[in-house]
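What follows is a pair of complexes built around subunit A, which joins subunit B in one and subunit C in the other.
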Partner chain A sequence: MSAVLKAEGLGVHTGDLALVQDVTLTVGRGERVGLIGESGSGKSLTALALMGLLPEGLHATGSVRLDGSPADLVGADEDELAPLRGKRMSMVFQEPMTALNPTMRIGDQVAEGMLLHRAHRRRAAARSAAVELLDDVGLPSPAEAARAYPHQLSGGQRQRVVAAIALANDPDLLICDEPTTALDVTVQALVLDLITRGVAARDAALLFITHDLGVVATVCDRVLVMYGGRIVEAGEVAQVFTRPRHRYTSGLLAASDLARTDDGRLLTIPGSVPQAGAFPAGCVFRNRCAAATSACETLPSWVGPDPEHGHACVHPVEVPA
Partner chain B sequence: MRRRSGTLVIGGSLVAMVILAALVSFVWTPHDPGLVVPQDRLAGPSGKHWLGADKLGRDELSRLMVGARTTLLVGIVSVGVAALIGVPLGLVAAMTWRWLGEILMRVSDFVLAFPAVLLAIMLTAIYGSGVVIAMIAIGISTIPAFARVVRSGALQVMSTEYVVAARAAGRRPVGIGLRHVLPNVTSLIIVQASVSFAIAILAEAALSFLGLGAPPDVPSWGRMLQESQSLLQQAPRLAIVPGVAIALAVLGFNLLGDGLRDLLDPRLQQRRVEVQR
Partner chain C sequence: MTDPSAAPQPPSQAASQTTESLESDAIASRSNSGDSVASAVAGNESSIIRLQDVRREFRRPRRSLLQPGPVVPALRGVTLDIAAGERFGIVGESGCGKSTLLRIIAGLDRPTSGSVQVAGREISGLREGRLGFLRDQMQLVLQDPMSSLDPRMRVRDIIAEPLVAQGKPHPRTRIVELVESVGLSADALDRYPHQFSGGQRQRISIARALAPDPRILLADEPVSALDVSVRAQVLNLILEIVERLDLTLVFVSHDLSVVRHVCERVAVMQAGEVVEIGPTDQVYDEPAQPYTRSLVAAIPHLRTALEGRTAADLAAGAAAATVPPDRPGEN
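Moving on to the complex of A and B:
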């Protein structure tokens, strides 16, 4: 399996404050990788850094490589990034209410992406392709929807449109940042299904960010657990969810109690996520961890065969033999 | 809600009246606005002269109607030119390098410090008086209003998720500016145009009053006001007629601007982008 996306030592900084540190991850063709963690863990910043879309004032370090593109995306300029975005890599955002331009017709917004990347040269052709795509993502009466403005659609319909835009040029990598968090539970399943089908049909790589461990369990093959701007544990979903090693992961699982899934929100781990930059030195979870000792005051090293499998905990949860 | 749409209706009606008067004056006025009739000198309102006649016996209503043309022409040209220059400047200030935006805003502060009238006096000293000079002076001093409003609006649009999404879809900065930012600040531009129009009317009147605007043979409200000055005791009506016309036109464009703001984009109130008065 070739890696579509490979990030090494990715960091996000503002001034000398580190918001994300030393993130190493790969996503292969056809692979679906989850990125989980509490609010404020740095998931969105990681996603934006991968796309080269960090807001002004934030800077990325490390390296991000997209299969087939020689340049390192970290430090690349807009001229290098624009042809990749929406073509090789694209993104679905959390808030379907604000991710669409309120003054542009739906069809034009979908067609825009195809025209930009020359999938179609003529506006009319792109428009009819857009209608097809809207049909594809399950919008009822797609021709009508193409003529509508965003405010005329429901949240679920809008998220389908956003997904259609993201999939329009058959990207190799799709990044979804909590794509269903803002939606009704009933609509969530439909949008999830559309994303997984869309990705599967294109044999694309999927990086899926969510709070919802249940969603990760159904959608993803592998999972990365993020806390305090660092990846604290990684592995196959089945492995990590049944036999977590890092104390943060086990806390997360206990708090969510997958068997008793309620509204999908994380229940509490003792204490709260510190402000950015206020995480303790050494293990970032140290101040909330019941098992912490003085050994945790130095940064735990990664224990595992590769960056995709393992954990960074000095006193990992014992695995029952 | 009711009160707001009232603003729009009243503002729209006043503006429509001015436009109508100007348009009708091309095909019909009660009298020839330039016709001097000695025996009608300072005549009061009557069946012949609805609003009376001035010190040369020229019909006030006719002059008022033709004067509306001057008012609108100066307003349209100066506000139009200001928008054509100010809107791109505002976009550039918001979307390119921060330092360039800062420089542009400091320059606009500098321009704002010069009232249109002062600028017109300076320009007149160099190029002589005339309608064109008035339009240039008013236009230049109106550019900052557009640049500022568009800049602050564009900065807000730039921080929205759909602009990030457009970048994620591969849009480049120029495309983002034209396809995403500009359409979302159009309502701001329209509102600003309406308010700037009101200011332009006042400025034009002031310039004509000072003799820096339209030449004597072109009827204009400001000049009518000026000519009434020496007769304030005898015929205050001659000052009141153009004065009320100016006040109503200014009020009309201001109300229209406020009404349009509420109509076009209720979110503007939350977005707190203030038009520049």
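Moving on to the complex of A and C:
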């Protein structure tokens, strides 16, 4: 399996403050990888850094390589990135109302990417391809939807349109940043199905960012757990979610499962996610961790065969043999 | 709803005990499923919130000079009986009318027709100035603690505000007691909302709600803006307070799995109607209505996903959901 996306030592900084540090990840062709973490853990910044879309004032370090393009995407200029974005790699954002242009018709927005990347040279051809795509993503009466404006569609329909735009040029890599967080569960189920089918049909790589463990387990094969701007655990979904090693992962699993203790209370992780820059030195989780000792004051090293499998914890959860 | 007995009751005062029980029998017989008959009857002895055929219609802006604007029904005849001390959940998807229903129960909105009784008193016809008793008895925790706390007020003023508004004394000892009861320290009182994390802000909202010593706590999606690791903390706090102060809890959420852990009884709403009502475990494990089944089937769950349930399976479950053509756009 060839790696479509390979990031090594990726970091995001603003001034002296490190927001994301030392993220190493690969996503192979046809592979579905989840990136999970709570708000403020740096997962969206990681996605923006991969796409070269960091807002002003933030800069990325490390290296990001897309299979088949020689340049390192970190530090690449706009001329190098523009031909890749929307063609080789594309993104589905969380909030479809802000991702779509409110003053443009749906059909034109879908066609825009195909025209820019010369998939179709004639406007009419691109438009009819756009209608086909809208049909593919399951919009009812696609020809009518193509003439509509974003505000005339429901949230789920808008997210289908955003997915259609992202899939328009058959990208090799699709990055989804919380694509279903704003949607109802029934609509979420349909959009998740649409994304996984779209990715499978194109044999594309999928990087799926979410805070919902149930969604990751449904969609992804592999998962990376992020906290405090660092990857703290990684591995196959079945492995990480049934036998977590990092204390944060096991706490997150218990909290999201709404598991109960013997006295009927729900299991929690004490404290709350610190502000950016307020994470402790050493292990980023140690100020909320029950197992923390003075050994956690130095940065724990990665334990595992490769960056895709392992954990960074001094006192990992014991696994029954 | 063509049943003549479902006609809106005039806002009558203090009905006698016999008519009250006759009324609740009528409610029970009008309910949608067999389960709700049992639960409505079980709840009627000490019901603290009673809704009868509550309807709410919103009028869209007119499109023509000659005709009034079209009417959008947000609630199409909701009949509910919530017992004192009960933990009651309301679930449904956006646009189903659950927030409208909560606003009507809280006296922040008025039904177009139907009757709303809280602690035996009719509230739907009352003027704002006469709802003081309701503000004493019932308090609200809203979804987004950032927008429901005034950013320019200190925490102690936020917590004291329900008392100030009612013209009640608000000694510092009481405010300290309130803030400590939600797990914050007294030095939080001099700070502003932006200095707190999302979970702590929601604790401040809860402290404010508890200030007038209410009997009923309404919570509108209180944890959906929170991180997973903090969500359970806030749920624990709500449950602990409800138990300690013996409150009635009405918990509105789109997330059936959260409601399941908080509430004893749940009503499932779709398009302005209660389609299913019953004990939470029963509704969750053996949903009787196709809509509830699809709602449950669409929840991505860790355990079932690890057993091999894919997105396609979820979608197949969700596809059974019938989306009404005229979803009102509120909520």
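Keep in mind that, in the parts below, the second predicted complex is superposed on the first by the 310 of 321 C-alpha atoms of A that agree within 3 Å, B and C clash if a C-alpha of one lies under 4 Å from a C-alpha of the other, contacts with A are read in each partner's own complex, and residues count from 1 in each chain.
Definition applied: contacts are C-beta pairs under 8 Å (C-beta built on N, C-alpha and C of every residue); 3 or more make two chains touch, one makes a residue touch a chain.
What you see is a predicted model; the values in this text were computed from it and never measured.
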item	value
Touched partner set for A:T218, first subunit B, second subunit C, both or neither	second
Subunit B versus subunit C as contact partner of A:L116, first or second or both or neither	first
Which of subunit B and subunit C A:D77 touches, first, second, both or neither	neither
Subunit B versus subunit C as contact partner of A:E318, first or second or both or neither	neither
Subunit B versus subunit C as contact partner of A:N101, first or second or both or neither	first
Contacts of A:M91 with subunit B and subunit C, given as first, second, both or neither	first
Partner chain(s) touched by A:M51 [first = subunit B, second = subunit C, both, neither]	first
Subunit B/subunit C common contact set on subunit A	none
Contact footprint of subunit C on subunit A as seen in their complex	38-39, 154-155, 184-190, 192-197, 211-215, 217-219, 237-238, 241-242, 251-253, 255-258, 260, 265-270, 272-273
Complex interface listing, subunit A residues touching subunit B	48, 51, 53, 55, 78-79, 82-87, 90-91, 93, 95, 98-104, 112-113, 116-117, 162, 165-166
Subunit A-facing residues of subunit B, complex	159-162, 164-173, 175, 179-180, 183-184, 186
Subunit C to subunit A touching residues, read off their complex	93-94, 197-200, 227-233, 235-236, 239-240, 254-258, 261, 294-295, 297-303, 305-306, 309-312, 314-315, 317-319, 321, 323, 327
